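Take a look at the structures below.
In what comes next, chain A is part of two complexes: it sits with chain B in the first one and with chain C in the second one.
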Partner chain A sequence: MVSSSRIQCKGAADALGYCHPVRRWWVGDDDDDDDDDGDGDGDGDDEGKEGVAVNASGVDKSHACELVAISPYPTAEATWPSSAFLLGSDLKLKPKSKPDVEPCKQTTHFQMLHFEGSLDWVFLPVLSTSASLVSTKPLFSPMSSLTPQVDSGESLPPPPPPLTFSTSLFRQISPALYLQRHLLHSPPTRPNGRSPSQCRDFTLTTNSLSHAHGSAVVRAGDTAVVCGIRGEVLTIAPGDDPSRFESYHSSPTSATHACGSRGAGGASWGGLIVTNVELSTGCSKKYPLGPPGGLAQTLSDQLHELVNVTKLVSLDSLRIYDREDYSDVTPNAKIKGYWSLYIDVLCISLDGNILDAAWYAIVAALKSSRLPLASWNQTEERVFCDSSLYHPLSLRRSLPFTTTFALISLPHSDDNGGGTTVLLNDPDSYEEDEACEFLTILSTTDFEIVEGELSRSPLAGLRTRVEKIEKRGGCKIGLRQIESCTHQATSKAARYIQSLMKEQLTPI
Partner chain B sequence: MAAKAPDRRRNNPPSHGTTPPVFLSSSSGPVKPKQSSRPPDEIRKIFLRTGLISSVTGSSFLEIAPLKLSVSVLGPRPLPRTSSTPFAAQAILTTEVKFAPFASTVRRGYIRDSSERDLGSRLYQALVGAIRRELYPKSRIEVVVTILDSEDEGDDVNTVYIEEGKTTVETKFWDAGRSERALGVVLAGCITAASAALADAGIEMFDMVSGGVATSFVDEVSLKGKDRGDAVSNKLYVRDPAIVPPEGKAPLATCVLGYMAARDEISELWISGKVGTKNGTAEMDELVDEAIAAARSARGVLNEASKERVKFIVDKSGTAPPTEGGTTDVEMSG
Partner chain C sequence: MTSSPLVPEISLNPLPQSDGSCQYTCPTSRTTILTSVNGPLEVRPKDELPNHATIEVIVKPGIGVAGVRETRLSSLIHSTLKSLILTNHHPRTLIQVVAQIVQAEDHTSLPLLLTPLLNCTILSLLIAGIPMRTVGWSVHLAVLQHPPKTVKTAEGQVFRLGRGGEDEMETEESEQIVVRNPNGEILGQAESSHTVTFSKEGEVLLIESMECSQGSGGQSADGQGWDISDFLRLAEEGKRICCEEGVEIIREALADRKVF
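Up next is the complex of A and B:
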């Protein structure tokens, strides 16, 4: 892999005029690299004389890669004689210190470069700056460019007929283009047949597990998650101050906060609810087995944060008092312990948009949870639970829901008059792979029942309040797009509330 | 729990440590668990369906009473090309069994414990002989089992019974063969479901392996006598035993096996408990035969699930049954 700090990745696809999944790396050669030249003299001399745009620079000396030289590609780079252009995703460069690294020159116009390792990349002929070669057409198609073109101009071989592929192959080898073609179609349709604003149907089942205090299975398209909630008792030690469990977050100065929930386990309210996501269940080919990887950790953290930020669970139902009679909790009842909730989300099948599915499962599982009635036993000095009495968790009144969109940027075309961004509701994993970023909206909606019938859409959103918008990355989307996303989020939440009502969890 | 170093990759519980809820039952003794009305030679109903997970090669979901597990098969896929990977003329099979944290009464950790590893290696033994691994050189096949719910450990393991007037707290201890029985049922389910998933993945096998489990019980009275286990006459064999022993019976031995019905071969055998040797191997043979009978019953379900899946694929793809290879070549013009 090319891993120098000074190598920049540029979207060269536009400049080249064709789209190819191989990534292109530009190695910037600044004007101020005289000292670099001094270093690279041994290699750089010849190129300099011949006026070929080759230079071994642009890379840290410490990294000492032999570089890549090249070509001003006919159009824009003609004025940038010493820029380097690398094509390929898996390149290994020889260390510069090795004396046998010499650029091997085929002709005066072409510069072949020494690479070690895989040959998966397409050799890019190095062009001279001669004007005869400046053309607006792409000079090589991705597949046929392995032979450098020796003659410049008169005897160019006839261009080979374009390669055509079947749809399924096209889908495989050029996913980005495949997706773009679908979305540029009118009306825009995604490869999975949905419209951009359409989310997948989902099913919800609650309390199907026997050992969990609350559980839910959510299946949205081919994504399936199981969420199980187990309560355990946290007994407050005699000298301990229960008030520090009462705040939603520990104060930022405390050490527990500094190391986060992954650290020693913050003794805050946030610490009482422990959310974890498990993806190493063979849920997808792409996700490796073993300890949680980046995605699982990110998700665990996001969901943990969401549970805490939204204050989803009211602290009232987690307190354990020192009296057995729960009918009247007087202010002088002492808190002896807390319920700690372990929320575990297992992904059974992964096909995109795991965050929404996991969040829905968590909310439904919390809704369906029944904790045994616990109280402090004076004689035994420990917390005992009643095996016959259970109480539900009290959640906040209006439930927040996440809705995730994938942002796909479309190239310039005549129709839209410039690059635009399309937002895909509830992306599947194929779309997720091509998305440049994601937009997640956390919103709450107050509903009213329009008709008494459950089969039709009985809910109408009264008022939607956006609690959080998360958008990481640099794609531009307009306010209007976010607004329409919020509407989509509302309709999705309505459907979700409806399925919760079918499970008889929310009396509205 | 608090003494353990925190897991840096997961959200950790409060540093105080938490304890599972302990139930107080002041009534006179434990509630009698309900007995099943199932005859001892009948296994419980099995729900088995394959191909539910689209993003892996093969998958299955199995449900036997409370036991729920999902199996996915990844591969065969090429071994990673690193210098440390040895050449493999046959496919390398790996099996992993993991309980969900909420799958049993005692909350499980995230890292596989010894019993899960043990189940994994037994599952490996059961499957490895059935797969035609020589057809997949330089590749690996991964079988991942996730157990979502189980009968493991019973419901009231944390119940504390306080007798009248006494303050002593006693936790009830279970009969000796309990965990073997629970694990046996889980393993048998794993074997059956994993074969279904392997078949769904289109991996060639000599035969499908089905799991069977049987337990021998004797009267509690005769167990208390001095010659335990010798009275062969009053033995009761229960196929696919539930966690609750039959009324007035005490378990002697449990046998779990992986069985290839078409070849009449046993690929994995696990007997735990007391099997008498007075009559030679007769007692063991009886127990094994019972387990085989249970495996044969499970095989019927396995066959049906596979047929159902093939039928589904045929219906979906249109008319003809799948041809050799199943895929069509891509035409490339130009």
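Up next is the complex of A and C:
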């Protein structure tokens, strides 16, 4: 039921200011229209409450509506139902008939905005009367039932031709519909040509930054991130308790400690590893230059949590001992300091799913890191680093990877009443803008590596351990879908491992 | 109905000047959250949405100034509320939620803060009369593998997950217990922490679950994590708690308010 107070009619000038540049349909009604748009707008608010279609002058004389719609497919006409219910699940157009209709003279095109799941209908006139749009061509067949049944008269204008748009324009003005039409096809294909469960190809380059201790450049589709890792020596002051750096997740003993750790720039429990994400690099027009916004802060925190959850780096390899010779570690060697790792992720280009790319870059960069050998010098009472000797960081054997999915809900199909949903693996930013529900799975899988290659055994038999699940927004995902997503995460992890091996960074 | 030690202390409208407010104290961890909801308000032109209300969530820390953790918490709450609030009922307005952490065991711990924040926010939205599609309830579950005897838990707080049919793992799995709404001490010994939020109808609103065992990392961390089937059984249990007991708690708290 359309609530009357929700229907609004705005003038053409207003419309362009208000409307989102997406989700547009063109509605033309074969009605007369006085050219005075500005005058009529005020009336439009009142008249619009009565019906669904409102013309620019606001005088509701529409007895029929013609919907000229755009489809990405050349055969789209066949998919349109011939009734007034058109274009997707909940887009309904009800022509309102009035007996006292003046003969139609001109055509007005309306832009109709409808947002999924709402009761709102907003009709906005976009084009004022334009003679160039009027043509004598008949409407194509699915529309014919909607053409007005007006008595024959010489003043009847010829029906307008269907407005057609190029695919690229349709992609711009109605992303939700564009995406749905692609996914409703069989087999479902995303606008970028991938299948729903297919992730983008990615490339990895490690150690391209000369001043960092370890670095990686990851490019997945049009998302590109650079990750640099820099170690800094953290000297333990006499009387300081080093035990707080010895474990991930060890809880603080009191609130005052927690307070102190906040002030100390992140050096907290298990906080030897500090992550930072920089999005203000011109990677996307959504993130202008300036202080880090909400997404950058959330990502930094998420990545720090991922480091803590996975316990990726062995904290033993970050210790700096009081010893002269590097070969052996005597059990009673005193810990004099720690390596603190600063992980900086710079996004060069952002086209969705930055979390997966950033995490993969971090894993690869940590894997390729070489820290100088450092030791405590008794006489100088300082930590000295060797100028030529380096040691790698010791990481876990089974490397954890994240896989992100975006959920798109499709309109109701004819068979079952409920709408279906599609989970898109590795969404790009076009899909991210339309999705409201995201699922990120962090999982590890023990792959068999035979002669430097992943063994070709079926992935289904492998044991996958999930270490983190984050599902945010929306309400449509089911627990069973999460289970199937973990299988996809396994196959993605296999690709990650393969690409790491190509870079000579074997997981073992 | 739950046994009394598990029912949170809820006081409605402690802030009379706001449209709706709520103070929520977790019974076990004593985490106290105070939220206020104002709306619909006038929205800044920058944030205005043509057909929807703008939701703004501000999480204020208990100590210090807000950092990335608070930003993350507010973004998690924001994404949950977006699927609960009928934003199209008040287009071009602002619904502002301010959550103040009053007391917490660990002010930096996401899992300990998230459940009270979500529950408190949902209660105050109900008080404020913001139109919502449904209500949700959040519960925090911690899995302890080898529960030490020293853990002090309230009655009914601990349960075991029943296993269906898989006998070979029985002896190992019987040592695994699940603690509802654990406090910081229990969470410190837990293997994994799962914050699940379900709506009244059983829809999954938010899942934030992570491995949280202690350790020094590296090779020792290999093999951590959990099997997805274990998680699904845990989530089913969480769904039962949220949909039955959580809704009952909301119903009792709002008994005389006639808003639910």
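Here, the second predicted complex is superposed on the first by the 305 of 508 C-alpha atoms of A that agree within 3 Å, B and C clash if a C-alpha of one lies under 4 Å from a C-alpha of the other, contacts with A are read in each partner's own complex, and residues count from 1 in each chain.
Criterion: contacts are C-beta pairs under 8 Å (C-beta built on N, C-alpha and C of every residue); 3 or more make two chains touch, one makes a residue touch a chain.
Owing to the predicted nature of the structure, the values given are computational and were not obtained by experimental measurement.
Participant: Once chain A of both complexes is superposed, is A:Ile173 in touch with chain B (first), chain C (second), both, or neither?
Facilitator: In the superposition, A:Ile173 touches no partner, neither chain B nor chain C.
Participant: Determine, under the contact definition given at the top, whether A:Leu373 touches first (chain B), second (chain C), both, or neither.
Facilitator: neither
Participant: Go through the superposed model and pick first if A:Ser300 touches only chain B, second if only chain C, both, or neither.
Facilitator: Both: A:Ser300 reaches chain B and chain C.
Participant: Who does A:Leu184 touch here: chain B (first), chain C (second), both, or neither?
Facilitator: A:Leu184: touches no partner chain.
Participant: Going by the contact rule set out at the top, does A:Ile229 touch chain B (first), chain C (second), both, or neither?
Facilitator: Only chain B is touched by A:Ile229; chain C is not.
Participant: Can A:Ser210 be said to touch chain B (first), chain C (second), both, or neither?
Facilitator: Once the two structures are laid over each other on A, A:Ser210 reaches chain B alone.
Participant: What is the contact status of A:Met501 with respect to chain B (first) and chain C (second): first, second, both, or neither?
Facilitator: A:Met501: touches no partner chain.
Participant: Return the residues of chain A at which the contacts from chain B and from chain C coincide.
Facilitator: 261-263, 297, 300-301
Participant: Taking the touch rule as given, give the residues of chain C at its contact with chain A in the complex, in rising order.
Facilitator: Touch list, chain C to chain A: 50-52, 63-64, 67-69, 71-72, 75-76, 79-80, 82-83, 88, 91, 105-110, 184-185, 187-188, 199, 203-229, 231-232, 235-236.
Participant: Taking the complex as given, what residues does chain A use to touch chain B?
Facilitator: 161-166, 168-169, 208-212, 215, 222, 224, 226, 228-237, 256, 261-267, 271-272, 274-276, 278, 280-286, 289, 291-292, 296-297, 300-301, 304, 340, 342, 344, 346, 348-351, 372, 374, 377, 379-380, 382-387, 429
Participant: Which residues of chain A touch chain C once you look at their complex with the stated criterion?
Facilitator: Listed in rising order, the residues of chain A that touch chain C are 6, 18-20, 113, 115, 117-120, 122, 246-252, 255, 258-259, 261-263, 268, 294, 297-298, 300-302, 305, 309-317, 394-398, 400, 436-437, 443-444, 463-479, 482-483, 486.
Participant: Which residues of chain B touch chain A in the complex?
Facilitator: 6-25, 52-57, 59, 66, 68, 70-74, 77, 96, 98, 100-105, 107, 110, 142, 144, 146, 148-150, 155-156, 159-160, 167, 169, 330-334
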